[in-house]
Structure formats: C-alpha cells, structure tokens
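Letters A, B and C mark the chains as written, and numbering starts fresh at 1 in each.
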Amino acid sequence: MANRVAICAVAQIKNDPNLWHARFQNMLLECFEGIISQTNVSFDMEKGIRTVLTCSDDVWDARTISDNAITDVVGAHFRGEEKIAQESLNGLGYAMACILSGHDDIILYMGHMKESQTESRGMCTNLAFDPFYCRPLGMDFVNVNAMQARAYMATSCINEEHLANIVVRSRKNAKKNPYARNNAIVNQDDVMKSPLLSDPLRELHYYPTTDWAFGMILCNEKRAKEFTGKPVWITGFANCIDSYFLGDKDLTSNFTLKNATERALKKAGIKGLKNNFELYELCDHAAYQLPMWAEGIGIIKDGDGGKWISEGGLDECNINISGGMLNGNPLLLGGAARVIECFYQLRGEADKRQVKGAKRALAQSTYGAAGQHQAVVIMEV
Amino acid sequence: MAKGKNRNVAIIGIGQTKHSSHREDVNQPEMIYEAVSAALKDANISIKDVDCVVHGNMELFEMIHQPDLWHVLGTGAYGKDSIRITTGGTVGATIACVSDNLIASGMYDIVMAIGFEKLQEGHTTGGITNMADPLWFRNLQTGALTGSTAYDVMQEFGEDRAKRASMMYRIIMDKHACLNSNAHRAFGLEFDQIETLMNTSPQLVGELRLIHMCSQSDGACAVILASEKKAKELSKKPVWIRDHITIHREETFNMFGYHQKYPVYKTHKFAAEQLFKRNDIKQPLEYFDVFEMYDPASWWGLDWLRDFFFLKGDEHLKLVENKEIMIGGSMPINPSGGVIATNPIGATALLRVAEAALQIRGDAGAHQIPNNVKHALASGFGGTMWTVLMLLEKELNW
Amino acid sequence: MEYWGVKVEDIFNTMHNRLRPEGAKGVIAEFGYDIIGEGKWKIKVNDGALGVIKTDDISNCVAVMVCDGETFVGINIGKVDATNAFTSGKVKIEGDFGQFGKTAKMFKKFVPKKASMSVRDYMLDMFGTLVQRFQPDNAPQEAVIVYDIGGEDGGVWTAYIKDGKCELKEELPAKFTVKLEVQEAKDWVDVMLGKTDAFSLLSAGKGSIVGETQIALKLEEIFSKYQDPMAGGTPEQELIVLKKIISVDQKFSTGPVMGKFLNALKNKKILGNKCPKCGRIQLPAREVCAECRVRVDEWVEVGPKGQVRYMEYVYYASPDPLTGETRETPYGMANILLDGCKGNDTFAHLIRRDQIDLIKGGKDDVSGTRVRPVWNEHRTGSIFDIKYFEIDE
C-alpha cells in the first residue's frame, strides 16, 4: 500500500481553561521539544524536515499572518512553513498529500489555539458571517448550532435527558484522560439546570473555553521505522463543504458529513463501517452533535439518535472515549485532539481508557456553523 | 524533493478579474466568482469536473473569519473537498504549491486554487502592522514599508546610480502594466521622467517613495490544475509544474547590523540555491525565459534580481539599466506589470504563477514576450521576508 | 479652458460655499495652487476663516500644489483618481506634504451643475412628473402632502390624494397630513437624484417633517422614483458600502521570557537572552534561537547606551493598530546596537523626534550615532518604559 502515511509521534500540552502565564509560543515550544526528544528528527535539507505545517487562526490570535510569530518555536527558520487556516483535521489530509506527492518525506505538524485570549468567543465566530446580513443579525456558531440542535432533536427524538447523559458521560471519560481539561464531574440534574446559552443549548451542552497546543510527526512508509517501531497509518482523508445561507440547506441532512465519510472510506478502500472500526472520535462542539454526527457517518441510521443513546450505543461503539471535544478542546483543534486519541488507542497506549483490540479508528471534525464543513480521517495499525 | 513527483501536474485553466481600487460593484463572493468562471471557461470544463477547491487570503485584511465559509457562494466548492491554507503575501503561491501536492499525491485529479483580496475593505498597512508582536514591535512598525533596501543599494552603488536604477525599474514595470488590461495602475510613465520622479515623488520611508511602492488592489485569481492524464485529455497547452520550494524565516530581528563580518543570509537566495540545485539548473539567468517576481517595491525588485539569479557585483543593476528586463530583453521580468501595478495581496502571488503560465502558453496578449517561452519562474513574497518559488515548464522533458 | 464643462475658476470660486468648518478647525496656513496654463491661486485658512485670491505671489505658502488644469478639475469633480495622479507625478506637492493633506478634509466635493438643467428646471420637472409617478396601490386612502421648498428656486407644492387619485396644486393649504420643509431647493434636488438621502438632510438640520412622519417615510412608495432626464439610459446599480470598526477585546500574555524582559524595563534594565550555541543576543528576548533551534536560557544585561546601525526615517503617517491613532510624522525607528551586543543583535526603538535629522547609521567598524534611552517616569513593564533614545553627547 503506497497510499498511506505514518504518524510516528505526537506531543501535546494539557487542555487548560486559561493558560494566563503562557503565550502561544510557550505552548508550542513544549510540544516541539516533545517531538524532537521522541524522534531525534533533524532539519537537514536532504534527510530531515523541510516542511512544517501549522494550524492556527489570525482572528483568534489577533495577529495578521499569525504563523510569522511562531516560525522560531516550530523550527521553521529557513525551512518551508504553511498554515492550515482551517479545522486542524484537514491538516492531516494536506500532510498526507505533501508526503504522497513525493515532495516531502517527513512533515512536522504543529497547532495552537488560545481561546482564553479573546474576551468573547461569540464575537470571533460572528466574524465568520457576511457583514451585510448574517453578521448584523448576530449569528455566531453557538446560536446557529442551536437552530440545528432544535431541528435535529425533533427529527431524531432527542430529549433533554439524552443531552444530559452525553455531558455526564463525557466528563467521566475525560477523567481517565491525563491531557483532558480538568472539569467537574456533573450529574443529569446539573446539566438540565445549567443556564441556557441559546435555546435549546445550555452552558454544559457546549464545549468550554480551552487553550491547547499539539505537535505530530508524519512520514512516508519507507522511512517511518527511523522514528518509531509502532507507526499509525492514515489511509483515508476527505472533507466536504456545504452552502452558506441557512435557508439554502436542510440543517438535519448531514449532507457534508455523509459525503466526506463516503469519500474517505473509498480512498482507504474500506466498504462500509460495519465490523470495520473499533472506535470513533467525533468533534462534538455541542452535546446534540454526538448522535447527529454518528448518523452522518453511518454508525446508525438517520433518525435513530435518541433511541441509540437510550440503548447505550455510545459505549457499545466506543464513541469519544477521550471525553471528546465537549470536555474542552479549542475550536479549530478538535480534530487534532481526536486524531491524537485514536493514535494512542491504536498503539495500545491509552492506559485506563484503552479499547481492546483497536485496529482501525475514524476521526471526524467540523467547522463553521451547523456543520458547514466536515472532515474525516481513517487511521489504522 | 530529491526523488521526483509521484505524478505530474499541469495548469489547465487561468482566470482573473480586472484589478482595481474600486470594486464596490461586487461583494467578495461575487468578485471571486468572476475569476472562477473565467478559469473554468479557459479550461473548457465545468465546476462539476473540479474535485477540490483551495482557498487562501489573510483574514484580518477584510476581518472575515474563515472566509471560505461565506465565499462558497462564489468559489463553487459546494459539496466538494475544500482546503484553506495561508502563509502571508506568499499565500497565492502557496495555494498553487498546495494544489500541486494534492494532485501529485493521487488524492485528487483536478484542483482549483483561488486567491483573492479586497484591500479597500480594510486598512492594509494597519493590517500588516498587526503582524508584529502586540507587546512589542506592533508599536513601532509601519506595515511592509521600509527604506532599508533603498539605503543598502545606495550605500553599495552610490545614491545617484541607485536612485536611477530603481526608477528605471519602476518605469519599465509601468510600461509593462500599460500593456496588461487587467493591471490596476498603469500611468504611462516615460523614461525622461526618471529624474523628476526620483526627486519629487513623496517619501514614505527614507528613499522609499510613493511611486516605488506597490498598489492596494481589489481582485481575484483562480488557477485550475490537473493530473498528467487529465491535463493531456483536457488541455491543448498544459503548463507543467516542475517543482516548488517555500522558505520562511523568523521575524526580522537580528539582521540590521550592517557589518560585513556578520552577513545576513537572505531567504530568496537560499530558496533559489536549494531549488535550482535539486533540479540541476546551473545558470538560472540563461535557463529561464521569463520571471514573474513578487516585487512589492521597485527597490526590492531591483535588489532581489541578484539573489534569485546569483548575480555578482552590479550585474543586476546593469540588467535594469540596459533594459534587459523589459519585454524583448534577455531576461524579461514581470511582463504583466508585476506587483507594483497590481496587488490584491491574497491573489498577488497566484497571479505571478498565472502570468508565468500564460507566457508559456503564448496567451498573454499584448504583454506576451516575443521569444518562445519554455521555462518560467514565479515567486511569492510575504510574512517576514518569506519566499516561495515555482518552476514552470512547457515540455514534460526534465 | 473648460474640462468636463467645468472651469478651474469654478473650483476656487465655490470654495467659500464648500468649506467644512470642522475640517478647517485648527488649521492656520496658506496653501498655493500653481495650475499650469491657468494661473496661480492662494488660499488662506485661519481656523475656519477662509480667503481665496488669484495671485502670482504664492511664495509664502506652506505647500503648493502643481498640476495642469485638466488634472485639477478632474480630481475635484471625481473624474481623475487623486492617488493615481499623485503617484504618477501628474500632481506634485511642493513644501509640507502633511499640511497639504489637511485640505482634503476642508472642502465639500465640488458638484458641477448640469449644463442644460438648473435647479429650477429640476424642481419644475420633478413636480411636473409627480402625478404621473403616483402609485395608487401604495397610497393611503386620503392625504394632503405639502412640499415647502425654500431658496430662490423653491416654492410650495401640495399633493392632494384621495381614493386612488392624486392632484397637485401650487398652494399652501390650511390643513395637511404632512409637510416637508426643505431649506434649499438644491438639497431637495440632490435627494431626488439620489446624491444624498433625506435622512442626512434631516440630521444636518436642513429639513424637517411636520405632521404624520409615517406618510413621509412612505413617499418613495407612493411616488415612483424620479428619473433624471440628463442621466444615461441604463439605471445605476444600487450600491451600499457598510462602514464598520471591528474590535474584539484581547488579553495578551507575555509568557515567562517576554515577561522577564518587560519587567526588567521597569527597573531601567535592558535584558537580552543569549543563545547557548551561537552566542547571539536576542532583543527582545525570545524563547528559542531560531537559527540553532534550541531553548535560550542565559540572560545578559546590555546597554542601556549604544550606537545606531540603521534608522528608518518614516514620513508615512500610519495608524497605530492598537489605538487607531495616527502617528505624528516624520519619526525615526532605529536599530540600535547596544553596548555588550555585536553583529546583528540590534534593538529596535524610536529616536527623539527633534533629533532624527542628526542620526547617522554605522557601517562595519565605523560607529553610528551614540544614543541613550530616555526612561519614562511611570514604568509599567511595556515597550514605552523607554520613551525613546536620544543622542548621547
């Protein structure tokens, strides 16, 4: 199989509500040093890293071309550097392209996002809308997701208890994940009484403000053994974007995720999900998204979300053993966090949360409001 | 890229808008749509044939977060794969490199790269100044404006010769721009104005004068790339992408010592050395038939000729003084008029690739250079002295 | 000579009427205009007062604009792009460019009159076509609408609307539903031609509405849009440009390295950090040496005096993105080699503004001008704990 690339090593800092004592350069540097010490990879122009990919966002960094601020701490001085100005999972797809094209043997992929820097997450995501119509209406990712939540809850018979159970489970799972944001354990009642953000979304239904950074080394098949004895392979990647205006699309259709999954599976040469995957990591910005994305990927049939949760489907299918995005990853890095969890699981290094016999995993991410853009990565050992 | 590509990639479609400082008549997606539809028409394909759309610009110039989400109305990406990757002013060249990688990998067959900027919708110099550290350099910097290169060239070659050469470069670019109907600024400058302009054009920083500096434009560019198989099926004149390189550097600290014992290594030179070495190009000045350079100001354009072509002494000045860089000269630079004439930043570096490809095809119209163009070079510049270089070829024979 | 039907004199002769007091506030200066082949003018501005004279003596002006008549008229009536004309050298400014820039905000735009239609002609045409333009479907059952337009070209017109019919009379009735009062007929013409909008007129105090405002707000529906008989055949696009200032509050962390560096400034110390591999000193201090890709932990105190290696002499008045305020120009931003540093390990800061013309850069072993920091009395751990550097004599 010449169409796969290896993830050889990952490094991360702990997800944190407010890293007030660090600037994002400090966050990245820890990850950079983690990668170098694990792999001893060099920056030699022939044999080493020639291209560094980064993931960050100018609006959230409040800095034009914000990757110029980190060239030094990601080792990219007098090397190539390109910034994934998109959800981080898409960087895995592009890293795959860099390597499979023959242009690079090794890619260092680093990402950072410090959500605590801005005084208002809503004001940042409001800027993702056109200045003429949606922006003045006050749209941001929370209130548009709330519209999707209401529509989806109706079609898939999701009630407040279902959402509360998803949050309770996420917090429990996260306690077993040493890199997860430290959150209080909550019960169903806590969730159902938490304040409304945008009806029907409550505060505890939504991922909290989080600072985080990561690094990973990707490599072609031939050279992977130089850096690890246990490579995890990326065998499929695809994404899909929906139209912009809310009135132009059916918010419950999962149009983009269905397309992205189908195309990623095709690239990986896998026919259908059934019996083929031991775990799934999904980007649940909000609790309702966990069953909704499960439907989009095809883990369950359309409309079965509510029933599936009641029957314990989340544990049965090993969905978001890490605690998920819902426990706290920054907006654009949820995908990288999903990939990193799959990496540990497939290497058998997930400790207390290890899924036995994990051979193949699917990681999904989304960005934009109401799942406008969806991406899927297939990982195997 | 020591071993070569997994598979070959060619440019099969090129589209751009008319560039101007007044595009109040269109919003951002509408402006992008103009370039996209022109590129599809040029490639003689429909949007259905495109597998993936690559989008790039700088968010803070227009203050739109993840603008591809809104721009999907004009990009045609609906239902397709889409990638958004940015660098700096280099971004246009970067998305060309990204598209090349995406196709060469075998993951996609046809990819469209879209660069755009509507600089009138923000404050460009303010936006660039925002690059600097908020706690430190942001209080001092003036965007991309610097007089240091003018100072360097004047120190080395004397004030009068340096100023004349820089203004000669500027007027040649204007003469080229006058032949390009898409160019933003085309004044009709004449060589007998050199003396007047070099002394009277308003100063911005040191000897960097208003006339030397690039424009702030609204505009978009779309380039469609395809795998070898698709390109041969679809295009009569595919332009092959041979190789590309990206070289960044740390912020512009530790480089203003002005001591010959402590030379400062430049990214342009390093990029050119690495790229030409691995492609076995020993005499770049002889090898290339045309160079579309990202020249943000005439001082930089003049100075960087030396870095990109490994010139010695005053050879780069002579190229300009003898008008060898003009259409019809031995090494035509920017027949399109270049960046000083036209600068919608997110599209600017993609326009370099597009214009270089048009020269190879022989489709550049009034600014087509007379000799047969086989080998073209395109560059991108941005960030804190970052460089992207791309090699374009007429024949698949390297 | 006339250009686009406008003479150079027309521009100068209307300056009094076009003066914007808020734009001229605080400006005390004389500006000259040398319009090649047309003559010379001088305008004298004294904090809101304006004098315009045609004279050959423009020697005492703070700045003189030189260009030909076509360019001058073109810029003033919007036919020639001012930036382009300036950049290409068609317009030259001799003297203080910064001062001259203030004239741009001093005058309202010159609006040339249509050669063949006066304001009075427009008034007669507008009301002459009013009944034709009546839209019974959008009109109220019954209303009396009065247009009371002032100025020498004005008059009083009343539209009587009843049961889907409209009748116009030149009279002021005793009772009405709504009355529009506009002080100047020209302003009303501009509104009707779409050059300005009724709201601007109202907010500028140049017009008022008496009676039922709702009816007045519906006038655009009750009567279809007036078509300018002088305009071309194709209707113009209806374009709107939104102006917004976008601001999201931030809190920027320094991290330990930048934090230590900034804190030292409080104590009037400049700390660099030194690479353990190549020995370069970084100012401001950064976490790693980019060249060597290693963490930089050793701290060294440098300066505070040093020599200028290169200074950017900045004329362009750029905004400070953190405050939005435009900096005063010219200013000097220097790369200073502080004592204890070598090679390219310079430190960037400002030079005292009245000394920038005295600064010389260094080259190789020749030193540039020696400078010392001037510390702020109240230091907060910021770049401006040093106000600027001044010459050290």
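Convention: contacts are C-beta pairs under 8 Å (C-beta built on N, C-alpha and C of every residue); 3 or more make two chains touch, one makes a residue touch a chain.
If you're wondering where the values come from, they're calculated on a predicted model, not measured in any experiment.
S.K.: Per-chain C-alpha centres versus the global one: which chain is nearest?
M.R.: Taking the mean of all protein C-alpha atoms as reference, the closest chain is B.
S.K.: A-C versus B-C: which has more C-beta pairs touching?
M.R.: Taking the two pairs in turn, the one with more contacts turns out to be B-C.
S.K.: Taking each chain's centre as the mean of its C-alpha atoms, give the chain farthest from subunit C.
M.R.: With centres defined by C-alpha atoms, farthest from subunit C sits A.
S.K.: Between subunit B and subunit C, what is the separation of their C-alpha centroids in Å?
M.R.: 30
S.K.: Based only on mean CA positions, could you tell me how far subunit A sits from subunit C in angstrom?
M.R.: Centres of subunit A and subunit C (C-alpha means) sit 44 Å apart.
S.K.: In subunit C, which residues are in touch with two or more of the other chains?
M.R.: Within subunit C, the residues that touch at least two other chains are 246, 250, 252, 254, 258, 286, 290.
S.K.: Which residues does subunit B have that touch at least 2 chains other than itself?
M.R.: 63, 127, 130, 133-134, 249-250
S.K.: Give me the residue numbers in subunit A that touch at least two other chains, ranges are fine.
M.R.: Expected reply: 59, 62, 71-72, 77, 124, 127, 131-132.
S.K.: In the complex, go through subunit B and note every residue touching subunit A.
M.R.: 1-6, 27, 56, 58-61, 63-70, 72-73, 77-88, 94, 97-98, 100-107, 127-128, 130-131, 133-134, 244-251, 265, 267, 270, 274, 382-384, 386
S.K.: Under the stated contact criterion, what part of subunit B meets subunit C in this complex?
M.R.: Those residues of subunit B that touch subunit C are 21, 24-25, 63, 123, 125-127, 129-130, 133-143, 145-148, 151, 155, 185, 187-189, 193, 196-197, 200-206, 210-211, 249-250, 253-262, 264.
S.K.: Quick one: in the complex, what on subunit A touches subunit B?
M.R.: Going by the criterion above, the answer is residues 3, 45-46, 51, 57-59, 62-69, 71-72, 76-86, 90, 93-94, 96-104, 124-125, 127-132, 237-245, 255-256, 259-260, 263, 267, 367-369, 372-373.
S.K.: Could you list, by residue number, the parts of subunit C that touch subunit B in their complex?
M.R.: 81, 83-84, 86-89, 92-93, 97, 237, 239, 241, 246, 250, 252, 254, 258, 262, 280, 282-284, 286, 290, 309-310, 312-316, 318-322, 333, 335, 337, 342-346, 348-350, 361-365, 382-384
S.K.: Which residues of subunit A touch subunit C in the complex?
M.R.: By the definition above, subunit A touches subunit C via 19-23, 25-26, 29, 33, 43, 59, 62, 71-73, 75, 77, 114, 116-120, 123-124, 127, 131-132.
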